[in-house]
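Okay, so chain A shows up in both of these, paired with chain B first and chain C after.
Coming up: the complex of A and B.
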């Protein structure tokens, strides 16, 4: 089958997206550290993190179409692709001045809620059943809990707490995604008691 | 409590059998849709990670639905391989339905087909599959409607309006086109999942973990799904960028990709799969679809964007679109007639077969839409300067749009239906009856 021939292992795809989320977090942290006024002195900087979010959404579509080994994966990845594109698109619209209402910030809130729900629905085992189950629950609840930050930003756009929380969400998500598989670069195969490395 | 949570978390992370993906079937013997010269001795399924064997985990079904595996002989050949011995199989098509307990605790399932001295049927024709349902017809219709709104709408903007719209009309244009492209993407996914559901024949909870890769990688429909979803995701990004940056160049790129990939539907339709079909029939299908999408999309843009949003452009857009519509309708009718003759070579098939009945309904709707368009062209255009005529025309354009969208429903039903068998050539064997 042509699809199987060009398909990378699932963990690589998760690590690529982990890198994307890490870049996103670093951009957000940079903006918080220097302040929005300094950050906006170069207009292109304002497009960086929303553009990254939008691009990650676009890149999620191949993941949805090529990883068809289960229906739930397809639906979940499709929902993430759309959530990322819509949230990134709304933020870009705000930056560009095409959208004016701060309520558009709620797209990030809705995007995180939808993404977290998809992650939790995706996993039917308990937290400690296996590494995958733990990561699904951890990221799912992290994302749902963190949706409060963009919600807060819609009401208080200059809140440092909300901005820091939003950035930290992506940083933690990146770390957790890097944990995928016991050959992972972070928290890989922790113990010899757990048997031989999986792959 | 905190310490317990920490220990539990570390234990979970230390567990080896874990991935973000469930076990995936990597290789199967006999192969997917393989035509064997003689009966296989066993069925071997190799996964990308360890699995556990379940009772009755592999079924090998005859076209009548009978399982040739009479006793539960499925065993683990290795941690990643399931194997079952099969009795001597007679000439014919077979369907393999399998399931395994993945290391992450989920039951993964799948289906594929093979043939012994005959060509294996498509997985969509596996034993138990019922063929396209009315729900699939509806989804296909939404897909066509989305294409018309998005690609037809962009075509109208670039080929008919050929310039900037006012702020109000521009907003309406992007709302209509945006809704169209979202419809294309969502209906594409829904259609693929429905086809997978039909092939897998699993209860909902198990369907969630059903393996769709044989459908995605091994059928024209699946390959078309992959290509079209990726292409239209890109089109959606280009439409968005055109809105964000006010650059028509992005619209041209979106239109170019969109109009080329309208033909993607032909990859999974009768024009590419039926006996006697050729490159010419694929080309005719593309012309038919592209012309239909541009025509319907243009009528909708006139009714929903130009008339209420840009009164100053009404006359110009209407006259230009009328000229373009003559060309589009000519192409539509010519390609449709060619395809009709190809699929229904005997005239009596029109009134004696279900496919013929569907085609007659579609022809009737097309005639109604053409008559409506002709009335606009010959009666309304000369009187466009009168205020009362222009006001009424907006309402009748909405009516014409509704008929045009109804034509797309008939087209969706036809695309999902199978034409009657061609006289002469021997029919390829199928494992499932098609109930239409």
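Coming up: the complex of A and C.
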């Protein structure tokens, strides 16, 4: 009860993660613009986006612990935590030189695919039930569709299209997560079962 | 020509070379400000998302959660901490 009283609402957590995805998008866009050689001129810079990805995975665990009210929610949040950490960890290993094979980039592909599936599976309501439901469906399909970009990157690491698509995925995810509210209408529709909008 | 003048001329030349920016450099430098500007536009379009503008009766988390300011903050931090050094490195790599 005490934890429930002092913990932030779920929508705040979504906005904080949206901020994280926005950071990721900017870093990835910048890397595309300058190229990998210039990006790697300062060693700390190489760790920026994989480190951010890994940190977001780490922070997903408390979200899983404190913000899930059913088994399916817990499993979904746990799978996102693992997907983010594995993808971030693999990228960290690649930039550190501990991992060499480009096929490690497939971890991002698997991560997006698993995350998107978890998003769709754990949303029990239809698209227009409420804004949160709409966003779960939209982000789920976005992430599953966008998993083609890291897959392409594994085969063609220098593909600008694949890298741009990967970066844009995070930018769109940030926008969608910033739109999230706990109970709010979507396109003017809110199910009577969703509850009362509190703001 | 004294060594001091020569060094000064060399430095001026270097600064001018750095100032000549390619479209890619401009794009990198624009990423942060454009993001920050998007945050400002969002704040203007939806001022109720900024509880700091009407803070009375708001709890701690509502006062901490200011999404448009997060966007502005990310844009400015990216410009200050990442973009400027990146452009310097691009100029060095070009030379």
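Odds and ends about this structure:
Methods note: the second predicted complex is superposed on the first by the 181 of 199 C-alpha atoms of A that agree within 3 Å, B and C clash if a C-alpha of one lies under 4 Å from a C-alpha of the other, contacts with A are read in each partner's own complex, and residues count from 1 in each chain.
FYI, contacts are C-beta pairs under 8 Å (C-beta built on N, C-alpha and C of every residue); 3 or more make two chains touch, one makes a residue touch a chain.
Small disclaimer: the values here were computed from a predicted structure and weren't measured.
Within the superposed three-chain model, A:132 lies in touch with chain B and out of touch with chain C [touch as defined at top]. When the shared chain is aligned, chain C comes close enough to touch A:8, but chain B does not.
Of the two partner chains, chain C is the only one touched by A:26; chain B is not. Contact with neither chain B nor chain C is seen for A:151 once the two complexes are overlaid on the shared chain. Applying the stated contact rule after C-alpha superposition, one finds that A:85 touches chain B and leaves chain C untouched.
After overlaying the two complexes on the shared chain, residue contacts for A:37 are found with chain C alone; chain B is out of touch. By the touch criterion defined above, A:18 lies against chain C but remains apart from chain B after alignment on the C-alpha atoms of chain A. Once the two complexes are laid over each other on the shared chain, residue contacts for A:45 go to chain C alone; chain B is not touched. Greater residue coverage of chain A by touch, when chain B is weighed against chain C, goes to B. Once both structures are placed on chain A, chain A residues 11, 199 are touched by chain B and, in the other complex, by chain C. The touching residues of chain B, counted against chain A in their complex, run 8-22, 24-26, 32, 49, 103-106, 108, 185, 189, 192-193, 196, 207-218, 222-223, 225-226, 229-230, 233-234, 236-237, 240, 243-245. Taken together, the chain C residues at the contact with chain A in this complex read 24, 27-28, 31-32, 35, 48, 61, 64-65, 67, 70-71, 74-75, 78, 82-83, 85-86, 89-90, 92-93. Put simply, chain A touches chain C in their complex at residues 8-9, 11-12, 15-16, 18-19, 22-23, 26-27, 29-30, 33-34, 37-39, 41-42, 45, 48, 178, 199. On the side of chain A, the complex with chain B involves touching residues 1-4, 10-11, 14, 54, 58, 61-62, 64-75, 78, 81-82, 85, 89, 92-93, 96, 98, 124-125, 127-136, 138, 179-182, 187, 189-191, 193-199.
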